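Shared between the two complexes below is chain A, which pairs with chain B and chain C, respectively.
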Partner chain A sequence: FSSEMQLVQVLQKLFDDYVKTTSSKLKIIDAYMFYILLTGIVQFVYCVLVGTFPFNAFLAGFISTVASFILASCLRMQVNEENKDEFNGISPERAFADFLFAHAVLHLVVVNFLG
Partner chain B sequence: VKLGKTTRKEKFLLLLTLAGACCLAFIIRLFSVLRFETMIHEYDPYFNYRSTEMMVENGFFPFHNWFDAKSWYPLGRGVGSSVYPGLMWTAGSIYHFLRAFQFKVDVRQVCVFIGPLFSAFSVLATYALTWECSKGNNGAALFASVFIALVPGYISRSVAGSYDNESIAIFCMILTFALWLRAVRTGSMAAATTAALAYLYMVSSWGGYIFVTNLIPLHMLGLILTRRFTHRAYVAYSTYYVIGTLLSMQISFVNFKPTESADHMPALGIFGLIQLITFYNYLKDKVTSEGLRTIIGCSLLGSVGLVVVGATLTGKIGALSGRLAFLFSTKGAIPIIASVAEHQPTSWAHYYYDLHILMLLFPLGVYRCFTDLHEGTLFAMMYGVTTLYFTGIMVRIVLVLAPAACVLGGLALSGHYYAFLPNLSAPDEKEAAAIEKKKDRKKAGVDGSYPFKSELAAVAVFIPVLVVCSFVSHSIYMAREHYSDPTIVLRAGNGKLYDDFREAYKWISENTEENAKVLSWWDYGYHLSSMANRTVYVDGNTWNNTHISRVGQILASDEKTSYEMMRELDVNYVLVIFGGKVGYPGDDINKFIWMIRIAGSTPTGAHISQKQYMTKYGEYRVDSKAPKKMRNSLMYKLCYHGFGALMTHPRAPLGYDLSQNQEVGDKHITLEHLEEAYTTENWIVRVYRVKPPANKFSG
Partner chain C sequence: MKLLLLLLAASAAADRVLVLVDNMSIRESHSIFFKSITDRGHSITFKNADEGSLQLIKFGELQYENLILFAPSADEFGGTITAAEIARFVDQGGNVLLAGAGSNVGAAVRDVAADNGFEFADQLIDHVNYDSVLDDGTHTTVVASAKSQLMEAPLIVGDRSKLGPILYSGGALVAAPNNRLRLDVFKASSTAYSHDPTKPIKDYPSAVGRQAVLVSAVQARNNARLVLTASLHLFSNQFLSATVNKEGTKPSPSGNKAFVDSLAKWVLKETGVLRVKSVDHHKVGEKEPPREYTIMEDVDYKLEVEELKGNKWVPFDGKDVQLEFVRIDPFVRTTLKNKNGVLSARFKLPDVYGVYKFLVDYRRVGYTHLLDVQQVSVRPLWHTQYERFIRSAFPYYASSFSMMASLVVFSFVFLYHKSDPVVAQAKKTN
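Entry: the complex of A and B
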């Protein structure tokens, strides 16, 4: 019982800490990631309810959300000032350009796979 | 090893050497074109050639929707969804590209020279891979690229005329690995996406792509376990996995396998693992309490574990596929996988023939990887060790081992040279003592002094040159004598050429009806489809073991029973390969024991056991000692029909089988339901026509 209370407290503290310490640039990316997560959940729930036919369409849509989420998290990592010495040679602009290139390839494949 | 920036002179030398290595790689593979002609070798390449012809004639989409009704009669085969199209795409593109510039090449010529061309590309890819593995060591990269140009293990499958998946797949594999290491090194999403595109090319070209699918997650696991899991590795693997898997599902043959089959699960597992680890690392900074952190972590892990267990139990994820299961345990293998010559374990002699000095340099390379362990060398080590382990089970994996051995050999030899070359002009003892007195030991750069430094260095630099020269001459010998054999044209010891195969296929294509159906063992199915252009029952795709077993039962049963089965399948012609007159060791009588085993491996053929066809001492014989069942079998009768009256050797009795080295048992064989249609000049290929049933109540 008390561990539950502690869990709620810790999560509350985590959220406050997050709001205070992360820069607005990262918060925008996080909001975008949360939106992608919602679309992914919606697709998955739909698949569970209605069935997997046509499977390729489900996979295309679901992997599209997963990949967009992953690419956004990679962008967040590369844009974050704390990781600057790890990603040497990749400025935030270059990171965004890479992000766009990966998305272009991703969406071409998704559209091909949708059928 | 201290590396400086490359000067312009060094860059020029580099380019020159690489160009030389590419030319060398191309030229060494041309022996068979010089000796024979530009023809396609072996068995499988004929299927690829026929498919390429079809694609070039009819177009891209008709090829992918092609249902071949002329093979695997009466089942047919959906070629578009059961083929790896990368080879056909590549050949078709090169053909159209050359034609666009008005070079009127034939499809066959493009197909014949693809092996050497992609070997030249492999030289460049190996340079890139070793450069990534050694973090910029040009010397190691150059050594590795020269090794790959010449290593016999690679030549064996990429010689001119060997138009098979492996000839482009090895290039695709090395390219994927090089781009993957680049992605891990830079941590850029664009680099990971190009690695995923190279992975698509790899998946489209060969069934062995599953090795790439599993080695890269294994590398990630290695990075995690050796505490080298950085943000760059996270970005590289996540991007590569998601985009690469989606791309790989575009190939019809792969379809939904990455979500269903167990072969692809490690990649998904590692993907999930790195998400959890990254999330955990993120929480580590924010949440102070140790216990709650572990609670959150464990709950996540538990839910993931439940999902995996649930998926396996409900049967969503299948067991390991046939060939991969064979790699881990040969016990439960069905006879058809165990019978393929390429699936036998590798012998030591074979390692020597295929790798030569790389066998010695391999352990030295692994040692160098340990002394300088980073992401690249960890990968080189894993690649080498995993392929080395699997070559112990299947000999065809030596082809995948060869690039790893070249990379490690390059690292080894370059380390050796970096150690000894500076000592060539080392100061002698008196000067060394003077230097030591004046400066610090470290500043002088000498790592301990011993007498005759420069002399030893001269010897140490010269001996590898001799060794590499012997490697070059060995490779040329192997390429010339052993790997440039087209298999379809036989070369006897005295230099005579036996072109019986093509003679028979041409006869069949000209003298039989358009819709005639030819029964033969599966090795010859592709040849018959491509050269004779007739319907066949089983071919080298071996996708239906029951059908092959049925063909085996037909060949192993006596003539009456076989005739019933042949009428069921509507057979018009039967083709057998017989090497008794010339001593050809790869004929059907030699393969017969495998046909019997495969025939007995399904329920309808359960009454057939190999013991019935051997003498009571367990010997396999074809002379008068052979049991009745052997001498009455259709294969025996078709091979030895009319052979009893033939003299094969002046000092041997009539009907002496030169490949079995025995005198044939039944000298006067009569056939009731078949008649001889054609026998080639050297009796190697024998074609029989199946007679329609006799009229009832005939007088």
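Entry: the complex of A and C
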């Protein structure tokens, strides 16, 4: 087989395994993270094209997406049953509560910095 | 009330002139000149140059507004008058008209001229331009052409094209090169030179051709005026009413009368005097100036200037008065539009804040120096005067709020979804 065909096959297998083996809970988080990633990229491209004029607004928007992405990935780690032994003493409910609290702080800061 | 106004108006030219002469016959030999001065409202006091009671300044106040020195041979002035006293007189705004001579100029007169940057040279001789009737053979009665030898300054000399030939008999002035305030009103022709007519010429003459100045004017920085000349005969009745006879030209009346009249009017501050009647500035659309202006505002500036003409203040008609809006350097420079003495301009304030001056600094030959400064502050925008939402930042606003909205949606979906039983993980087989 040629190398491209092999690459395509590997990616296809990866995608199928992902669909089969991840729980729907995690898939929801992954979809949410994908949306955050898109908005982050769109903002960054816009800034590169148009210029940094209200730099504070750009930073607020971009940091909002980046931090949301990070918080979502933290939530995904903590609610994943496979990692139960890592996070001893942190129930999924606790993880979700922490997630919401951190988001509250994040959005307060973002709105303030947005101007 | 009306009487008071009449008195005030009349007093515009009711100033005192002190005339110092070295012998009283000058009063008669120059009577036409003196009469023209008194006819215009001045009051003349004749005194001998060495009289003991002379006093220009008494207890710090000027005793006279103008001083005419027709005493070329005076070695010392009487009373308290010295060259230093005359300099103080000018510093306080007094005007001086000084006439010298070609020979025998006294030390006191030389001192006054030296204070103003001039030296007296010998008698002026011109073998080409002399009056064939009035001259005594030494070619010292010189005929000068108004058009080529007078300066272009209608306020000081009058209309050059209408003046007849001018008779001159006397010495010449030599100006120091660093004398920047002087105006060479009347220069000698290129064929003239100054030397003692009775002695043979051994040295190069002290003043030759157009370097020899016959009448010079100085306007000090406080607008006091001085006119210096080296000829007393210029003002004499004989020259004022003479007919000029020059070889090769038709006899014509001398232009001395019109010339010395213009000179006298200028030096006695009757012409070429400007003053500011009123000045104001405000935002376009308002009437009063604000406490401070804001950057980028539209501003109206108005200046009313009057000129003294024939003893009355009339609106000034100069079309080249400039306004500068200066904060160390001028940010705006515009020519004011003149509408019947009201000079106005409208412009936009610069985008830079600071303390500025509306500066009008008008210097023209023959006019007094017109200076008006109005200081104003220009402030930057208040933070409530900026646009609240910036159009180019809308994507960032949108993304931030979409993050919050998607968080809410995600939380609902995450908490209330029905999770499918997890597919048993197939053991990895190779």
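Just so it is clear, the second predicted complex is superposed on the first by the 114 of 115 C-alpha atoms of A that agree within 3 Å, B and C clash if a C-alpha of one lies under 4 Å from a C-alpha of the other, contacts with A are read in each partner's own complex, and residues count from 1 in each chain.
Note that in this section contacts are C-beta pairs under 8 Å (C-beta built on N, C-alpha and C of every residue); 3 or more make two chains touch, one makes a residue touch a chain.
If you're wondering where the values come from, they're calculated on a predicted model, not measured in any experiment.
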* Fit-or-clash call for chain B and chain C when the two complexes are aligned on chain A -> fit
* So, does A:N83 touch the first partner chain B, the second partner chain C, both, or neither? -> first
* Thinking of the overlay built on chain A, is A:V110 touched by chain B (first), by chain C (second), by both, or by neither? -> both
* For A:I29, is the partner it touches chain B (first), chain C (second), both, or none of the two (neither)? -> second
* Taking CA centres, what is the chain B/chain A/chain C angle in steps of 10 degrees? -> 60
* **Touched partner set for A:D16, first chain B, second chain C, both or neither** => neither
* Asked: Given the touch rule stated above, what does A:A102 touch, chain B (first), chain C (second), both, or neither?
  -> first
* Mind working out whether A:V66 is in touch with chain B, chain C, both or neither, as first, second, both or neither? => first
* Asked: Minimum Cα separation, chain B versus chain C, post-superposition (Å)?
  -> 9
* **Contacts on chain A seen with chain B and repeated with chain C across the two complexes** => 60, 110
* Asked: Touching chain A in the complex: which residues of chain C?
  -> 390, 392-393, 395-397, 399-400, 402-404, 406-407, 410-411, 413-415, 417, 419-420, 422-423, 425
* Structure fact -> Listed in rising order, chain A residues that touch chain C in their complex are 20-21, 23-25, 28-29, 32, 35-36, 39-40, 42-43, 46, 50-51, 53-54, 57-58, 60-62, 64-65, 68, 72, 96, 100, 103, 107, 110-111, 114-115
* Asked: chain B touches which residues of chain A in the complex?
  -> 3, 6-7, 10, 14, 17-18, 55-56, 59-60, 63, 66-67, 70-71, 73-75, 77-78, 83, 86-87, 89-90, 94-95, 97-99, 101-102, 105-106, 109-110, 112-113
* To do: Report the residues of chain B in contact with chain A in the complex, numbered from low to high.
  => 186-193, 196-197, 230-232, 234-235, 238-239, 242-243, 245-247, 249-250, 256, 259, 283, 286-287, 289, 292, 295-296
